[in-house]
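One chain, subunit A, links the two complexes that follow: it is found with subunit B in the first and with subunit C in the second.
Presenting the complex of A and B:
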């Protein structure tokens, strides 16, 4: 039977949909694992829509799974009682104005005890209020830290400092590599990364023979990649760039016949890249974000319970969404949980003191609070970070390297490069 | 004929509205106060956007122009230590000056070409903020922008800033309203509907379009300075295409045909936006549906809704009898509150 959709029916249907959605909007905000008993609320404030959502939303998926698993195991123990955890999210759209609004809602109305944030501008905008409230909040970029933001910590992400571990691995295992060329995203992320790589390559005795910067206006990577390959480097470095750019650079390098070694900070959605290039092309690629089913992450020094199960559930529930941040926000909460149980309190300042009083229980093992030399405050734990290599189409942790000895010995080199590139 | 409301009724309505908004900061929750503050800034932005629209052109550089005001004010404060009040004025003037410079290439174009040209010009400016880190702070932008102060009152605090933003929003709206109702405003409407005819009687259409563009940019720049000094941090992303599209949606959904249309759009959609936060990543879908429905069924925007409702109710009571021309809602497009242009 042929059904005719009239203008009136369409209007009524659409209006009904909007009304339904709006009505649903009056329901409690997205929160999960809220069960009976007193719950401890945590705020999640980041870009869930827009350009930067790709580095936040997969993290929220990870947080959902982590909370489910922790609550299923009883929750978090405070004062002899078990408490469920509830995470309340707010989309800041990567805008300062929305971040301020969201921070006030989460802290004053929802009464969260801990605030997980994304990075840069929204973090800066919300900090005056959060500092006044003595609310502990987190960022993914340690360069956001400042003495004016005393309760802002970067508890998991050690970018760009972990990059030195990959270069050290290259120095030890690939002594044949003497030159490198860079394709670099021309923003704070890329330039911080470039400065750190430059310092690490200088220490390793590898010469940088070409640096090609690209801006967000780029539409074609062919000339950029041609320029760096024309320098005939031993190795190509993709620095730190947004996942879409990494994919396009690799595709161009493949098309232009590059067959040498590759290094970069991340390699998100590698199955899609392999599909566009080849497994052989990516073989040996060195980066720093493992899959969580890696055997090394199941060892007892890793402060993340059931990493493999977490990865299994994540990839089943959100196929193709696993990327560099999928586990990071969950790892922040794992560290927070440890501090809550150590402090026997969920109050922000008690947790903050507990976190800072000892060596930080970082996800990849013991770490030391660090940062004064570069950012004026020791609010980032620095310790071990994985060096990951593509082997037969799968990321494999080839080293769990401690970056502290390198930083202690070569900090002057790092600072010089950071100042040269105007990132500090 | 529609009966015009008396000056007394208008005055009382405005007085009641003003009294209500003065009480609001003491009864709403802190985060709702933030929503209201940014709403006031956005009202100035979207109404200034309409000032260009009434000449028949839509500028996709408007939010970037807002950003030039914000950046200028922030940089003048940081580099020269100027008082924020002074930097706000200079910031607004900078936005107007940049708009004047842009007008030379942009107003060689019209319609779709102007739209794309303004987008390209805006992106060029915005990308330069990211590229020249030493000056503009790169993608991280500029932080620690000094807050405004009046005597001992720190306007960086929400309640004082609420009244500050409210007062300046009212001042800006009054000025822009008076401008539209002045001879200048009539000329702008004329060159939208009949630019050749206007030129034939001695009106320099290009000159008036540039004038509207510069004046609108001054107010957009002012909105940017308010944002910068309240947030104390700005970055290129704050003035990106996403925000520009929001301004377009506010204006189109509200209706650019009347002065109140964009205000209705931004107020309503801001509250809708807050009420559907539970949907997180699905909110743009709701926005999209609202936009499509508006374009399909309310081409004159929400400001035309009362007339349509009135028409519907009258039809209902009169058993579906066809309504007279006077009761029909106004047509689509800018200046729909005016008589349609003669075909002759």
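Presenting the complex of A and C:
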């Protein structure tokens, strides 16, 4: 599935594209309707190697399984015909220049109809070209949205806004918690998350008494963990630290004697963390990414067909790889498939219109397109998101909370914290 | 506050021990071959992966895995010396280019054989932590004590080897002035191999003992090589004692800055300190001026 681009292949492709574009004006317009059996191509542009591969690669595994299952069931129905789906991937290595090259290759050479991407740097770099091409693309972080990127949507991931639901759960269920300390990486993801958590903690009446940020060059977590524990908080917040960092921060916190409650966006590869710490240490950890065999995800309001089977195949085929992103790209494609069938077309603009014309069938239930007040464009569906708690070594959904009431009531607080931290 | 200061001192001592063996290995290669081995971090990575294969995957004892890591990385180092560094000895630019090439080759090989994705989880053979001299709230994990013990032991052995053996004297001669050493009948080829074996062995053992404590992935060498370069520049290119002294200064400074301010600020100030040292003393703390 992974596509390698050689210089020769790229030059040949570019030459072919230029020749093709030159002839385009003299040829009849290509029909939007697909012939029977024609394959619909989708582009997957993300970091398949490098530091970010830890998140993106498991997402590609999920896409492969989802496509297999959909194709086995007949594919996508457009114009009365069934079409198989093919995913073409390109490794952008989380580099802007590579993302631009990959976007051009996938759109011009492979003629993909939809492009799923990771977030931030590569997304920003590729957007001018994708906007010019009117190609619909996706990001995992709504903060990437902008009026200058009208066809960039954040169809599944509601980060960082869902974080408020976890804090609200803490406020309702753990009134004894009055102070919190943060530890996270100092990047766009970490700071967006930190601003949202700060707003949610302020609303919940929980004081932030320490924030410890670190850079990507970090090799030793002992000093940062010593610093946050010395502040003696009631709770430790791991923000949206990257999975490998969470692993090492939690191990350090365990070894330095932390026994209090924990909260964070995710808890990837929790069996490995339990092995390094203990089941008791992680008991009660609040986060937001469930295992898909959770009974709540088998209920009819969930827009993801047979989540438990998807999880079973995934964990069997890729042991230890299940993480926060494993299902997200698959959920994006499930939403795309619904829009294709509603529009009766796979053409990007038709699908875009179909997606935006109604309330979004978000994976966790109905959601409203949102974002204008914060990002100037409403290209992110916001609705429910799970609050997950570690119980006896297994993540359990304890609430499927709607974040819209909180956002409606406390948007001013959120905006203030986001401006204070320069994330908007 | 006193508790935090003491805990930070403990953290810094452990970090220093690893930084010292890593930087001394890098320094040794520069001294004998005049090559800055940018792939030194990848030798450390190879050591960590060997532990993952031998200890985590095949359940052999941890110290067998550490020994295996040393041997595997020494073999890689010797191959690098014979195939890449020997033809370019004394050619700093050529050595720099081939070592960067080797860096990428080793990273790609790691991706090929072990894949990308989440870090390899390696459990420490000795879980838990020691409460330092019974002081409440000041702890050091047993795995970090292993790092301290192994690193200090290796540095002590290396010091005895350099000061008390004929081979060590000859190696010191090579690091101080390879041309003069060759004129005295010392085989630079032979001592380049010895230096490479020691340097790679230190990096391999460093990676092996650190493996349960750090992110084990194909790119793990990138961050430690930056630290090591700062240490050898501050210590003075060519000075092994300088590398150890600079490792102590830099890691204490960095650990305290990270604890009391911010990890990013610590990185920036670490580079500022390096620049200040170079402005005040261009040869580094214990480096000597080049011969005219």
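Everything below uses one rule, namely that the second predicted complex is superposed on the first by the 388 of 424 C-alpha atoms of A that agree within 3 Å, B and C clash if a C-alpha of one lies under 4 Å from a C-alpha of the other, contacts with A are read in each partner's own complex, and residues count from 1 in each chain.
Going forward, a contact is a pair of C-beta atoms (placed from the backbone, for glycine too) under 8 Å apart; a residue touches a chain by one contact, two chains touch by 3 or more.
What you see is a predicted model, and the numbers here were worked out from it, not measured in a lab.
In the superposition on chain A, A:57 contacts both subunit B and subunit C.
In the superposed model, A:226 makes contact with subunit C only, not with subunit B. By the touch criterion defined above, A:148 lies against subunit B but remains apart from subunit C after alignment on the C-alpha atoms of chain A. In the superposition on chain A, contact of A:255 is made with subunit C only, not with subunit B.
With both structures placed on the common chain, the touch criterion links A:214 to subunit C but leaves subunit B unconnected.
In the overlay built on the shared chain, the residue A:82 is in contact with neither subunit B nor subunit C.
Taking subunit B and subunit C in turn and counting the residues of subunit A each one touches, the greater count comes from B.
The contact surfaces that subunit B and subunit C form on subunit A in the two complexes overlap at residues 48-51, 53, 57, 186, 215-217.
Subunit B meets subunit A in the complex at residues 29-31, 34-35, 38, 123, 127, 130-131, 133-134, 138-141, 143-144, 156, 227, 231-235, 237-238, 240, 242-243, 272, 275-281, 283-284, 286, 289-290, 292-293, 296-297. Touching subunit C in their complex are the following residues of subunit A: 48-51, 53-54, 57-58, 186, 212-220, 222-224, 226-227, 230, 243-245, 247-248, 255-257, 268-269, 272, 275-276, 320-321, 323.
Contact residues on subunit C toward subunit A in their complex (touch as defined above): 1, 3-4, 7-8, 11-12, 14-15, 111, 116-119, 121, 123-124, 127-129, 137, 139, 141, 144, 213-215, 217, 219, 223-224, 226-227, 255-256, 258-260, 262-264, 267.
On the side of subunit A, the complex with subunit B involves touching residues 11, 14-15, 17-18, 21-22, 24-30, 48-53, 57, 60, 89-91, 93-97, 100-102, 104-105, 108-109, 120-121, 124-125, 128, 148, 186-189, 191, 215-217, 422.
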